[in-house]
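Report on the structure given below.
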Amino acid sequence: MSAVAERANDRLAMPLPATIAEAIALEMERDDTILCLGEDIGRAGGVFGTTTGLQERFGSARVVDTPIAEMGFAGMGVGLAQAGMRPLVEIMFVDFIGVCLEQVYNAAAKIPYMSGGRQRMPMVFKTAGGCIGSAAQHSQCLWGLFAHLPGMKVVAPCNPHDHKGLMAAALRSDDPVVFIEHKALLLRKGRDFRHHPDVPDGAYTLPLGEAAVVREGSDVTLATLSASVEHALAAAEELAGEGVSVEVIDLRSVVPLDADTVAASAGRTGRLLVVDEDYLSFGLSAELSLRVIDRLGLSGLRQVERLALPDVPIPAALSLEKAVVPGPELIADRLRQMAKGV
Amino acid sequence: MSAVAERANDRLAMPLPATIAEAIALEMERDDTILCLGEDIGRAGGVFGTTTGLQERFGSARVVDTPIAEMGFAGMGVGLAQAGMRPLVEIMFVDFIGVCLEQVYNAAAKIPYMSGGRQRMPMVFKTAGGCIGSAAQHSQCLWGLFAHLPGMKVVAPCNPHDHKGLMAAALRSDDPVVFIEHKALLLRKGRDFRHHPDVPDGAYTLPLGEAAVVREGSDVTLATLSASVEHALAAAEELAGEGVSVEVIDLRSVVPLDADTVAASAGRTGRLLVVDEDYLSFGLSAELSLRVIDRLGLSGLRQVERLALPDVPIPAALSLEKAVVPGPELIADRLRQMAKGV
Amino acid sequence: MTDAATARARFRRMAAMRAFDEACLEALRRKAIHGELHVGLGQEAIGAGMAESLRPEDAVVSTHRNHFHGLAKGVDRRALLAEICEREAGLCRGRGGHMHPFDPATNFSATGIVGASIPVALGYAHAFRLRGEAAVAVGVTGDGGSHTGGFHEALVMAGAANLPMVVLVENNALAISVQFDDVSPTETVSERAAAYSALGLHVDGTDVDAVAETFARAMDHARSGGGPVIVEATCHRFRGHFEGDPEGYRSKEERQRVRDNFDPLRLYRHRLAAAGVGEAEADAILAEEKSAMKALLAEVLEMPLPDPAGAMLYRFVEEARA
Amino acid sequence: MTDAATARARFRRMAAMRAFDEACLEALRRKAIHGELHVGLGQEAIGAGMAESLRPEDAVVSTHRNHFHGLAKGVDRRALLAEICEREAGLCRGRGGHMHPFDPATNFSATGIVGASIPVALGYAHAFRLRGEAAVAVGVTGDGGSHTGGFHEALVMAGAANLPMVVLVENNALAISVQFDDVSPTETVSERAAAYSALGLHVDGTDVDAVAETFARAMDHARSGGGPVIVEATCHRFRGHFEGDPEGYRSKEERQRVRDNFDPLRLYRHRLAAAGVGEAEADAILAEEKSAMKALLAEVLEMPLPDPAGAMLYRFVEEARA
């Protein structure tokens, strides 16, 4: 095997968390004001391994294992940012945000504005969302919650390449960024991804707020993000076999929301399906749908549909979970129905 | 003056908070499992007076002045409900929810479902939202945040009659209810309200989840709630003078959301404006707009617009606040623009 | 000295708890549980020790590691196991699962959010006081939970109002990978009781006799109007934080050392002997409990999973009536 | 005994603080402030006492009642008053207002959320340690804030890591209407320091000499690696919680009694005398500070309000550069 092929192969064998840890390490090397706070991120390297090796390399003052005190260390992050540092604060699961949302939305997200632009808040809240079992209190996505509250960017990547580039961008941003990983993706290796498993070696950034067309199609536009991109691609493949051509767009971030890219696609296909693993109502799916309608006009589309978690706490039983969390089957079903429509 | 007229006059002179306190008192009398927890609700009778007299009447074990420990007493409410009581938990301003959202959305709102319907959660989270100055951390509405998280009803009344009836309904409900008063309304007396200042004496309930058409019109449907209803009525009056007939709908609750009533009206007028004092994006305005579109079809409407707080922390300066918080002038301007449209 | 009957009963309780969590491990192997699973193996002496002084009217609010507390409170073990195995016949019809059991009949509940249990216990305590009931609310947490704001806020209120609340801190010296010593400002949690004008008690949580005695004292104190108590029981977690935990933070040798030296069931053997309960009888108790749980698991695994058609039921009260 | 120069300086600081908040009251009467206003009148000895041992590199994170702490930290009073009066030339261009002043130049900030200040101070403390700076982070809170979870969590971390943090508790015995005695489990806040392995100090917050000395001791302790300190300064709030507070929870007589007996400026007169500073000089200091603030207020009220066209600016960094 050539050296290049070997390298690529190593990358394909690499678990996604290692790629994330690599992105953080590259930034910590570049910028010694970056530091990380969170539970189990140091000695254990993170419960999924997304900070593996960082404490050994950068020391326990820059990679701090905190007690279970999210309000304390989220606020500590705010103070660190005010003191000229660039903290990455890990909230292990996004579900735990209810104990410390205060410091995220009333402090980090509002201080740049409240200070009239005089106090910057370069901070990353890194967290894991999404369902891999474990029920109502450990399976949520909640990006719609953060997006509703102004002042922070909200990112949720779907593949190794984007995780690395968007994490770097988040760490270099002078604005607070909520970076939501998906637990199901964190359990994968590069080769398990349908899209963009390839990752360059050095540091690079991707712009925050640009969606990507990850599969081209002409009959329906499907916009989604995070783990649902993989499900959408699987469903699109299936539908292709049935003669339905689905364009799949990975939003990559909820704030900023790249409605232009979605509208451009939906303007061509005439049909929009927004798929969202977060709760259906008062969230991403309605906002994006309406922004697309705003751009295309009410007459610019034939169908607008959404498939999301139907406003129910996530059940423990697998039989129930499958009925409510949008996976490939539910997505394919919905696409089929839409294709039958006007 | 006749006795009846005198009574009505007393009612008109009554501050809204006294009506709310009356509603709570009537329910506490009916049902001795009801108790109230919160800061300053006892000896002071609430910072706006919405619990005036309750501690004197029902004692300090049923009207508990708590320390500033929202996570503690919100969770205490959950435990009380599990112990067979019906707690009303006051979070003084809704902005403070960031320190205790955990107990609201992961406990109270999810436990009925997580328990398979075996553990009821009869709880009211009473709080005040809305802008009367005091800037970014003390002016938010945030009903969109609660509405995104399943398992709780979210009520935000606009007049004395509805406050009384909906508070009673909330206290009798076996589901968790977030009851959001508006600070600007809490500073008013009965006679200051354009709509329904009249309040019957005894206890009564209103159904949770039914919108009310508070002004009939034929050119534009304006749907909103809470203090914005008053602003909308003022704007509608102004527009009437300009020959534009506006139908104003008070949603009364965000969950359940009575999209049927709004769709019925918008189906007639062909134009929908959703006005929301909460943040614009990922909230009520997109959800309601899209549900109406779902009901009427993309071709069933000529215009769909929304006017809300434009995703900005609320500024301290009055000059800036007026530019972003939708008041009568901003609403009237938007209605005028819409009337000029298709 | 503990008499034979008591010693036997305590040992049987521990044996039943161990067998219960071993059945859970087996259920996981058989893919009947598809989410995280946190077992209490190594911490049986605490669950068994508390059981004796819990009355039906008392309440227990527990954590992600809740099985033993549920069993101690008298939750039906069939319903609990069925819930853990995601069955429609489970305690919560398969909606809650292992981290979120709710049993209004026994005043038992839990939460998967660390520290969030103590405020809920406070609510029970207030209800008991208000209704003039001589019941006590027990809030369970790990050492990790003692650092949370909710722990503080609930104890502030319980202390100021002298409420009948016992906070049981299972201090296994680890919060996932984070060592208690590295993040606690004090050597013990119980010494922080003074900050809440609470009684602080410290006990060896691998010694069921000591736990039973200390926990009884705490319950008496709270029940008789003495106000809140923090009971800290030191113990050891035999397995990973959750099943599948790679445990990169402790060596295999360390884990083995813990199992060899701090197994509450093994440690109890000399007490059993002193009380006149022989090895053979002890072995028989273990075997009985194990086989009972084996049978129960087999039964549970035959039970149907929830019907997907009902996935939206039970959010609101109308749906629960439906 | 305090020497004349020190006594004079302390008195002048208190006089300046009092004049500042009186100017705020006047600004409110003149409708230059349209939101809630919380003044510190009666609590001047704390602000003035802390000023002496605060160095430019130290940080202060304050509360809704933050003016004196800002002045003590060296925030420009013109910019602060202009911010409180919602002017474009204000510290935060009129976006933050009275409850949310941010001054990166002096490491001063505040929050309107009770208890939320202490975790932010913790962040400064960690940064100082990490960068090897001999600076101290001061987190201010009221007595009410000491019951919050954030207070606990931040002190847990500061205690465990021995960080250079001073938590200043202004105990005016009231959280709006709620009396400290009714909701605190302990008689003082400072006695809870042991729960965090922190040093606890208690001082009469109406005595500027005592505050200056105690606060200096706390700062030294933290600065020299001794770890966190809780300084509790007891004091009295002369006015309502906010302007417009009907104060149904205390009688006019009680409020008058407080003003008569616990005015830190009046109480300091005998110290001034002992140090050889006469009544006339003291009166002159008061008058000078008052007239300086009067002039400043007049200036500020001439400044323009923010242009509504800029209402959306400064959320994100691009908008701040624009």
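Letters are used for the chains, namely A, B, C and D, taken in the order the chains are written, and counting of residues starts over at 1 for each.
Methods note: a contact is a pair of C-beta atoms (placed from the backbone, for glycine too) under 8 Å apart; a residue touches a chain by one contact, two chains touch by 3 or more.
Fair warning: this is a prediction, and the values are worked out from it, not measured in the lab.
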Using the contact definition stated above, find the chains touching both subunit B and subunit C.
A, D
Rounded to the nearest Å, the gap separating the Cα centres of subunit A and subunit C is 35
Subunit A and subunit B have mean C-alpha positions lying a whole-number Å distance apart equal to 32
Where the CA atoms of subunit A average out and where those of subunit D average out, how many Å apart are those spots?
41
Could you check subunit B for residues that touch two or more other chains and list them?
66-67, 69, 71-72, 95-96, 98-99, 102-103, 106, 110, 113-114, 135-137, 150-151, 311-313, 315-316
Which residues does subunit D have that touch at least 2 chains other than itself?
92, 94-96, 100, 111, 113, 116, 147-150, 152-153, 156-157, 160, 182-184, 315
Chain touch graph shape: choose line, ring, star, complete or other and state it.
complete
Subunit C residues touching subunit D in their complex are 147-153, 155-160, 182-186, 191-192, 194-198
Within the complex, which stretch of subunit B touches subunit A?
71, 95-106, 109-110, 113-114, 135-137, 144-145, 147-151, 254-255, 257, 279, 281-284, 286-287, 289-290, 293, 298-299, 301-304, 306, 311-313, 315-316
Write out the stretch or stretches of subunit D touching subunit B in their complex.
34-36, 83, 86-88, 92, 94-100, 111-116, 144-145, 147-150, 175-178, 182-184, 248-249, 305-312, 315
Complex contacts: residues of subunit B adjacent to subunit D
39-40, 43-45, 47, 65-69, 71-72, 95-96, 98-99, 132-138, 310-313, 315-324
As the complex stands, subunit D meets subunit A at residues 59, 61, 90-96, 100, 102-104, 107, 109, 111, 113, 116, 118-130, 137, 149-150, 152-154, 156-157, 160, 313-317, 319-320
